[in-house]
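Just below is one structure, and these are the notes that go with it.
Every chain is named by a letter (A, B, C, D, E and F) in the order it is written, and numbering of its residues begins at 1.
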Amino acid sequence: MLFEEKIPEKLIRNDGLRLDGRKIDELRPIKFEVGVLSQADGSAYVEQGRNKIIAAVYGPRELHPKHLALQDRALLRCLYRMATFSVSERKSPAPSRREAELSTIITQALQPAIFLEYYPRTSIDVYIEIIEADGGTRCASINAASLALADAGIPLRDLVAACAVGKADGQIILDLNDLEDKYGEADMPMAMLYRRGDVTLLQMDGQFTIDEFNKALELGKTGISKIYQLQKETLRNKYLSIRDEVADESEVRIEISKEVEEDE
Amino acid sequence: MSEVYKIVSEIERNQIIAKIAKGKRLDGRSLDEYRTIKIETGIVSKADGSAKVELGDTKVIVGIKFELGAPFPDTPEEGVITLSAELLPMAFPTFEPGPPNFDAIELARVVDRGIRHSDIIDRKQLCIIPSKKVWILFVDIYVLDSDGNLFDASSMATLAALKNLKLPEVKVTGEEVEIIKDSLNPIPLKGKLAAVTIAKVGDYLIVDPDSSEERIMDARITVAFNEEGKICAIQKSGESSFRYQEIQNAITLAKNASVKIFNELSKVM
Amino acid sequence: MSEVYKIVSEIERNQIIAKIAKGKRLDGRSLDEYRTIKIETGIVSKADGSAKVELGDTKVIVGIKFELGAPFPDTPEEGVITLSAELLPMAFPTFEPGPPNFDAIELARVVDRGIRHSDIIDRKQLCIIPSKKVWILFVDIYVLDSDGNLFDASSMATLAALKNLKLPEVKVTGEEVEIIKDSLNPIPLKGKLAAVTIAKVGDYLIVDPDSSEERIMDARITVAFNEEGKICAIQKSGESSFRYQEIQNAITLAKNASVKIFNELSKVM
Amino acid sequence: MLFEEKIPEKLIRNDGLRLDGRKIDELRPIKFEVGVLSQADGSAYVEQGRNKIIAAVYGPRELHPKHLALQDRALLRCLYRMATFSVSERKSPAPSRREAELSTIITQALQPAIFLEYYPRTSIDVYIEIIEADGGTRCASINAASLALADAGIPLRDLVAACAVGKADGQIILDLNDLEDKYGEADMPMAMLYRRGDVTLLQMDGQFTIDEFNKALELGKTGISKIYQLQKETLRNKYLSIRDEVADESEVRIEISKEVEEDE
Amino acid sequence: MLFEEKIPEKLIRNDGLRLDGRKIDELRPIKFEVGVLSQADGSAYVEQGRNKIIAAVYGPRELHPKHLALQDRALLRCLYRMATFSVSERKSPAPSRREAELSTIITQALQPAIFLEYYPRTSIDVYIEIIEADGGTRCASINAASLALADAGIPLRDLVAACAVGKADGQIILDLNDLEDKYGEADMPMAMLYRRGDVTLLQMDGQFTIDEFNKALELGKTGISKIYQLQKETLRNKYLSIRDEVADESEVRIEISKEVEEDE
Amino acid sequence: MSEVYKIVSEIERNQIIAKIAKGKRLDGRSLDEYRTIKIETGIVSKADGSAKVELGDTKVIVGIKFELGAPFPDTPEEGVITLSAELLPMAFPTFEPGPPNFDAIELARVVDRGIRHSDIIDRKQLCIIPSKKVWILFVDIYVLDSDGNLFDASSMATLAALKNLKLPEVKVTGEEVEIIKDSLNPIPLKGKLAAVTIAKVGDYLIVDPDSSEERIMDARITVAFNEEGKICAIQKSGESSFRYQEIQNAITLAKNASVKIFNELSKVM
């Protein structure tokens, strides 16, 4: 980082909006795309604010080395990596502890969603690459990975949607950007199997009174519900466009995972 | 995991849950009962600060060494605290030698985040010459005996070791820093921190799980409080999920249990 | 390689060769036909230069970050360009996470040698104070989707990213280098470079192999040309050999194909 | 090390005693304790001077990775590690070559004592952690490991006892402390299966005439005999205290390894 | 490198000779020796200019780890390493990327020569150590490795001979030395199964017009033919000396690989 | 170790012991007989010092490179000698590529300790400016061919390479150190060192074991002497033990064998 960043005096402006013009309970602009890679079994591209993230899924497939195989279910392995140029100061290409930690955190957030017991002794590998980072990459990665799993046709109990909540200038805010993440008073990433009401990721850094915590938890759930809807729409559109393509050629109809569709 | 082991584990899980359903745990504790805590400080004379915590059979040692060094570019007026954890292979049958695995990294991060966000240490007081020279504290957690709930034990031991830490006075001439011999002083800590771990076992929440409970639990949440009762860090971990409502119940349980930890810390701080 | 896989692979090889013998390839291309090329620049705002290339289904991103640093002792008046490549495990079923393997190292080296020997960048213009301060460029190639011919795609993406790179102006006072804010300028590039890969399949030579062709090919040769038509780098790879005469035929094929690449590069450079 | 250490002018005072007040053939104060850990199969805590060392034993147990297994005996693996804060200058947490070397040296010193042939294809793992170091950690570690092996109930031919001898100010001295180790003229760690008279560790650095060497070897043996007695007492006391405990409850009598007991 | 190297103004002198006195199409002095090590199955020592290189071969032999084994042929593994003191500036003892790259390049250059299909599931390991480096180590290593393979009695389709060509002061030159490699205008290492006319290694750095390239290719082939003859002579002499030795003792006649011998 | 290998090895051991019991070894030597020693120096022109030793079929090369650098803080007036060893995979069928294993580390340590404690080199003469600039010597041992007794061979080769080492003169101006071209001088060595290895095979002690003897030996002891006959280093290794009395016998055997080594070293030193 050659040009020093100026520390913002306030994160919430006098008009009650945030520095990027958002309301305190407003998500950043989101773009979801699925089926973006030719070789992977499933893939998704996510932009959330200026985050640019690709997730790809391979599996269920034979697992190497074999001694890692689980007898009663598939082994889910997520790998979160950042491109060297994805952040202001160049990231070393060597895997960092933070990447190792987030890889496991993301695995734990996705695991309860997958019918791993359908595929004993195999692996399901999720690869996540951060092309550009802008705060909240772990949540955006979970959103991308969840879409890629659905795109790969892996049976899911529910989609996993994720979003951070936090505190800035004493107010509870939704979907923190880079600056808010860095200079805010609290940051709490969450992930849920939204329809089921299961919380699969919850971390918090900063300071919350118990009241603030409860308020934040509720706001997080609201943000997650919106992301969840958007994920489903993305898959529905993809499904329709596939059906159109197929219809042109042969009138055959492809069904995607019922789990994804039924809750409209 | 072998099939045999899985069956044994399933039986064990059922036994533990059956007991919990009656409000008791295998070692006789109630669901919200914390184990005995024993804290000693100054146990390693070559360390600049040290402490040992026994939480039931769990044993953790923390040692601190200081060095003079440069601050991070983005915090030129703050000292550096580098915290890491080793799960020694002697501590548990399945712990293996080698570089820190996820569990060790997570342990260090959770303790670090609690300390960091509780504002117990003013990192500015570790600064000697802004942008040039600061104290760097290496805080190293060693788990010697792992009978469950390493987060809470390590958090206590780290706090006690920081309390035990002594730094020398320095004389600054231009950019030269000279350390004054035999001038060791403790560093002021603002308040205390209590990290409390709650495990979910089936539909039950239990406080301070031991290793047999951790083996069969579904998920775990650790909540760190400062003395004012504010939450300073949360970490949910484990392969399963919490119901939305359970999160709030866990926070309440943790808040109540934090009282005992603050009491024990008060004896050495 | 399992026996089954070997047989499948043998059948696939025979199908591809049978088609090639009739002058066509599985995707309908003729033997000397290059796939569609799509080049975009400036795709990562935190990078100092970036580009994405799609060559058929192959997708490669290149990002560049600059730093101030010291030159190599034996070239005190030249900046440093450090080029590396990652074959992301998402890009192909058999790619694995981990440090760069031979294929990634070879990819980076071939692109690097082409850039280096084509004299496209005058490294002297990256020098600020001889022997003391120069620009160091970290050029990182990420292969996202691997449908064959990574050499050519990465070479194009690297060139486009270098064209997209902007460096700030500096103010030099003695040995102090101050970077002037918001003063970004592109660096001048002299000409262009086209790397063209030819695969040998049985007795046939084909241009721009896709991943199915690479799987069954005998050997491969990549030839890089500058705009004057001079050869700047050659790399033969693969487990088998070329006949002496085939080498010369491959050079001619590559020369012809380079025209399309120069055309596409012209659109962004 | 922020405060520079003063190099001592002499290591033996005019009154013939050493700087820490010991006679030239006197051991440092020793404290042995066994059964100090709850999870390990056997464990011991040793203080020898200011050395503070914990040793723990797991095994005989299934060995991973399997290809390391020996068909005709157990594989003994010792791992010697130093805590970062155990020495004056902070030790890097990465394993050092010295730690790797001492791990093998200690393995070789213990190996002849164990009936490894009783447990083919298994491993016996000995983990040693130096909490605080004060010269002679390799010998103190062997003493601790030997106790931990006995505590784990692993059948032993004999206990292994270890002690260093050396030279300071021209005199042969027993059980060197940190300063003597650093500034003395020779350092020779030894380990023996004392009762059997087998030397399992012998290293020497410094300068000895052959006469001095012979004298040192003899003094080392004497030191080892004392440590050996203390090890046995420690185990006997533990055995008695277990018997007492057990007696209180059920009168059942536990036998510990006959090998350890018979030579009184 | 403490003394700075002077960059030469010209690489070809006014008399048309190179700085080391060679003609432009002249090889450096070469010394080949086989059977130089006692433990390896085959070995060779090569001096080419001031390059000093040892190559050794083990195999065909059982392969560890086993999952690397190929079902239909032997796995050829070459390992190219440089001694720390082989170059002007001390080389780090850690394996470098360049060494990894050359190891694979050399493997690919040798592979087509070996009847690997005779020995499924085994490995043939070729170890190359650069004792001293003087430009063109990859070609000299291939020459050494090829001799070591023959010395080990491994059946070969043909010997692999290698040599670099390049350009200096606008002229095409054979067998570049260190200076020519560094300051010349192009460097093109080649390897061939000479008798079969198969090119197994071809790399080029620098600038060649297509005409220059064709000229260089032809000159390279000529250089390779000379090296090839010398390799065969070396093996023939060794074979004769073995026959002599054997004859002295027992009159038994040893046949070395027919492949190597037939093309005289 | 496979069962078959074990049986073969048991047979081999019995054969060797049977022969030794009659006072002879497989290669015809007597129990206290050292193999032929051949020492060459200056074999690598790019090294600053080098030597090759052949001890029977065992072949070891040592090369030394110097650098200017900082001394260790606790020995500010001494140069640094960094000694390491590589057991090249070409040297023996079971040697594997990779970072130094225990055997390589032990080899380097034993040679280092002998050199260090024999006071052959006065490290003070490698000091240029106390606390600031000293010569750092990288002494690298490469085992090319391993037919047993690497300790003794490496020790001789290291000594010969040190004798062959030449350092340039320097001109010191303030804290600047300038190296004077073409001013190479050898460094003075005080005396010599002989490391002698004795193997225990059953109830017998043999001098200078070859690789077949090392394979079946019980334990080994290496003793290094200086020219005055003082012991400078001892290392017992191997999985078995020595009887107390055998230790003293081994020292005597080693002392006698050291004469031959001193003689050979005298030819090149």
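Basically, a contact is a pair of C-beta atoms (placed from the backbone, for glycine too) under 8 Å apart; a residue touches a chain by one contact, two chains touch by 3 or more.
Since this is a predicted model, take the numbers as computed values, not measurements.
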{"item": "Given chain A and chain B, the chains that contact each of them", "value": "none"}
{"item": "Neighbouring chains shared between chain A and chain E, ordered by label", "value": "C"}
{"item": "Furthest chain, CA centroid comparison against chain B", "value": "E"}
{"item": "Euclidean distance of C-alpha centroids - chain A vs chain D, Å", "value": "53"}
{"item": "Distance from the mean Cα position of chain F to that of chain C, given in whole angstrom", "value": "49"}
{"item": "Interchain centroid distance [CA atoms averaged], chain E/chain F, Å", "value": "32"}
{"item": "Graph class of chain-chain contacts, one of line, ring, star, complete, other", "value": "ring"}
{"item": "Complete ring sequence of chains beginning with chain A, oriented so that chain B follows", "value": "A, B, D, F, E, C"}
{"item": "Residues on chain A engaged by chain C in the complex (per definition of touch)", "value": "2-3, 37-40, 43, 50, 52, 54-56, 58, 61, 79, 81, 83-88, 90, 93, 125, 127, 129, 131-133"}
{"item": "Interface residues, chain B side, partner chain D - complex", "value": "43-48, 50, 57, 59, 61, 63-65, 67-68, 84, 86, 88-93, 97, 138, 140, 142, 144-147, 168, 179, 181, 211"}
{"item": "Parts of chain D lying in touch with chain F, wherever the complex brings them together", "value": "1, 5, 70-72, 97, 100-101, 104, 108, 111-112, 188, 192-193, 197-210, 213-214, 217, 221"}
{"item": "Complex interface listing, chain C residues touching chain E", "value": "1-3, 6, 73-74, 100, 102, 105-106, 109, 113, 116-118, 221, 226, 229-244, 247-248, 251, 255"}
